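Next come two complexes built around chain A: one with chain B, the other with chain C.
Moving on to the complex of A and B:
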């Protein structure tokens, strides 16, 4: 704090040190960042750096890239990237595709809060409870299959759990509310007068969406996609409980778990975690970079 | 000139109503607008003037009555099917499109060939004097320029009717005067038919061929600016037309076209604008310009001066009577606040109206 105290000499010749610091955005309020900085240093930066270094010191010996070489030479390991992407990307896209029309409808509703509460429930339930519910509901003896069989639509139960679709359904249920709330906030952030202007200029409702809303929403959709994608990419409980963890839903986090807690090879597990991180980062950077193709200014019609 | 507005004879509002739940925002509004007219909808906020405009544009469905464009009914059409050009209060320019794309938007939606869009947009740019700005985004323009883009965008689709919703309210005073003249010039050059919503009587008086005064969702008076200014039909219209002094009194004599009120013991005579019976409560409405400082005599009120404001050519003063009536007057000479003076009005400049409450529906 001493450094921020005004220097008496400086007051004679212009702004004090404190004022000069404040002009650059440093004042006493800046210090409030310190706890958060310590928090993220201890809980994120340190473990990340530790894991990063650990991944280059293989347990079984060998050179520093041995873990990565093992990962990318073993189909059982490197296939997990594709399997995880195969789950996370379609789920995220589906959630976004579902969220957009619903958000457009909800923005006009009066009881938004009630609907929002109902939609947020799956977030608070947690993945395990959702998985348990789906096991009962979609299982061979669950009432989804039984209803379809009673109506006569199917003669044998559909296999909907312990495979790809079980995990898919669970990710949609737990991921949708999050995607929806983000989408809703972007959609309601656009001045409704823009749509009215479009209508008086002769644009049909599809044209108003295509030429007014969509271009203004693309940057928001990109961020929503990234956040939803990262959530889906780190799927673990539902891939184990509802999927086929040895087969089609052997996602990358399972590979990391097995390395760490079945082989007790923390170095290898760190390498898997690093690969997982970089795949996510690659997709997120690519999506965010594409925002540059779109307009990114304020989404209202005037300076106000 | 290739921007040729669609031709028609008249737009008719036939007993148009609009309810919001229990609230009647508009009640049985009937109005006929002839081609090439400039109509101002004037009224205080909440009077239903913007609601009327939105109903005509199709942004709000009417809950009663009908709107006709010559012999075709338009109130059942969606806004995109009506083809009326609208200028919004906040301009509602598309922030992601540049000036050229904003103006060409309506033509593009109609599937007009690119070459023709370019030609018409160029012409519209010339009409609103925005050449050289066509590649800027709305955020890079000043308020007045944004206003010009909004107008160009509305007229380039060649609408039968141009609707403007308080288009000047976001501009500073100087720009407002400039754009007011521009709006009238563009209206004349195009031979447009314009409906213009405003709460500013100056704007309405200077722009419009006819003014429609609305209050509480009801049309109070329709007429030329001169008619409204000189012969307001109701007290609230008079209020809007600058009759700032409204003196409540009681009718004590009623002789053909002169009527005499008792206002706090003083006899004020004026012209009756509404039917009034002896003994009924009434208001004498007087413009500040028509009050002059003078000697005690007929048509005079004794007042005590409260404030005196210098306005360049003259002073504007406020004063109150012994009974607590507030008055605004103009004077060429400064009067000391606290002084007791007499204010006189020529009786032909005093309009007498029925009690405001009775005047309403």
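Moving on to the complex of A and C:
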């Protein structure tokens, strides 16, 4: 099939087994993929399948659906879905709404690298450090409240940590750069000639955005939304450290963690993890399915 | 480039930059708070601490056994980088050079661990590792961390390998190079920039990877970020400044590698995959 295939050793019995495999793309080079594939099957697919089956064999006995029935009948457990969505959806929408206009502005910048480097800091440092930093910074004696009080916007410190807003802030600090950098890579991937053509024909900047960029970017935005949402939905360290892990920010990952490492009920923990996966999958599929409603086609090449 | 010069357009630009500056200011103030606090003698109810000291670094170092933790962190990260490099580059080569049945399925299999958040697959993974007795050990933590890094290396390396002309390899074959020689003398030198970039990104990501390490680490296999989590979680037991000193040590370890990595990669690559280079 190509120059690298072994030289044909034609026999009376036709091509050998090795040659027949090579013709379908299986040869020594293809086998290089095997170690990584086995690794992925062992440590990713197998645990998922194992967890899926384990979730149907409850630790406390009972029938195969007992874990799921317990989850959906205990308000302490099923409320975690609503609480997590109530954090993840607004944060993701806010991050995306902020990222789009900023990406459109930064696209025109000559020295993007400084800004992107600054924005990559919170992603690199991770949620634990951001949580630790925000605990000080947003606390009643922190610089944030102090500044607002000095300006005279507020007379008493705002309560911003150990509640919903602490987690919200940490998700914006780590989530916005992620959303922004993804958006920027989609926005810069569109040929500026398309916009210039629109401008030549007299479209205003809003019209150029609405009728040229938005339809082209919609698929990219859908993917950005999904990735950012999935990140926010699985919030864990900051919900414990910055939030109220027994109350309004008892997110679903906390429920899964407690089942596994405080009750040692791996069966229940797997059930919660599967529910978490299915909610994420549900939202992602819904968003990606609606992508089919928008334009799909070339966006970069204007040369014919 | 199109420049709008109307008043509304200018106001819009100002508003956007105001948001960016507000975000960046808050980010730096947050990092600044941690650094300031780690050098503070006493900091209560004022803009700046009463005095400055470096003794918190001494106490953090001994209280949290940071020497051991750092050693374990670098051993784990080193193993993860090495193994994901070997598994990832070989698999990427096969995927970039051959078309075979089930290739799309395989690529999907490698894509999933990057799309699914670590905590979702981490809990079933931790369950399996606890049952096999691997959890809590050094290799358990390495194995868990490899789950997202092997696919990451594969997906970063595929476009890198695709842009190398297969004729070069064919020429080496013609002159009698076997697969091993071909790899060492032809492919490795050509791929080195890509491998370096991918592995540096793996390094930075593994140092900061909290969830997977947290779920499977035992007392002797904690990395720095997990130790930091436990310190913040048990805040009140230790002085705040001591925890902040540890946070600064963590920041320095991460940022040193980030700065090295940024010499070879574009910051956006930490979030998205490497953009495919034009072929000519």
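A few notes on this one:
As a working rule, the second predicted complex is superposed on the first by the 264 of 304 C-alpha atoms of A that agree within 3 Å, B and C clash if a C-alpha of one lies under 4 Å from a C-alpha of the other, contacts with A are read in each partner's own complex, and residues count from 1 in each chain.
Rule of thumb we're sticking to: a contact is a pair of C-beta atoms (placed from the backbone, for glycine too) under 8 Å apart; a residue touches a chain by one contact, two chains touch by 3 or more.
The structure presented is a predicted model; accordingly, all values stated were derived computationally and were not measured.
When both complexes are superposed on chain A, chain B and chain C sit side by side without a clash. In the superposed pair of complexes, A:142 makes contact with chain C only, with no contact to chain B. After superposing the two complexes on chain A, the angle subtended at the C-alpha centre of chain A by the centres of chain B and chain C comes to 90 degrees, rounded to the nearest 10.
In the superposition on chain A, A:196 makes contact with both chain B and chain C.
When the two structures are aligned on the shared chain, A:211 is found in touch with chain B, with no touch to chain C.
In the superposition on chain A, A:73 makes contact with neither chain B nor chain C. By the touch criterion stated above, A:127 is placed in contact with chain C alone, chain B being left untouched.
Touch counts on chain A: comparing chain C and chain B, the chain ahead is C. In the superposition on chain A, contact of A:113 is made with chain C only, not with chain B. Between chain B and chain C in the chain A overlay, the least Cα distance found is 6 Å. Looking at chain A, you'll find residues 196, 199 touch chain B in one structure and chain C in the other.
Residues 1-2, 4, 9, 12-13, 16-17, 19-20, 23-24, 26-27, 29-34, 37, 44-45, 47, 87-88, 90-91, 93-95, 97-101, 103, 106, 109-110, 112-113, 115-121, 123-128, 130, 143-144, 146-147, 150-151, 154, 166, 169-170, 173, 179, 204, 208-211, 214-215, 225, 228-229, 232-233, 235, 240, 243-244, 247, 250-251, 254-255, 258, 262, 266-268, 270-272, 275 of chain C are the ones that touch chain A when the two sit in their complex.
Note for the complex: chain A touches chain B at residues 191, 193-194, 196-204, 207, 211-212, 215-216, 294-295, 297-304.
Chain B meets chain A in the complex at residues 57-59, 78-80, 82-86, 88, 90-96, 105-106, 108-110, 137-139, 143, 146, 153-154, 157, 163, 170.
Partner chain C is touched in their complex by these residues of chain A: 2-4, 24-33, 35-37, 39-41, 43-48, 50-52, 54, 98, 101-102, 105, 108, 113, 115-137, 141-144, 146, 173, 176-178, 181-182, 184-185, 192, 195-196, 199, 205, 208, 227, 230-231, 233-234, 236-237, 240-241, 253, 256-257, 260, 266, 269-270, 272-273, 276-277, 280.
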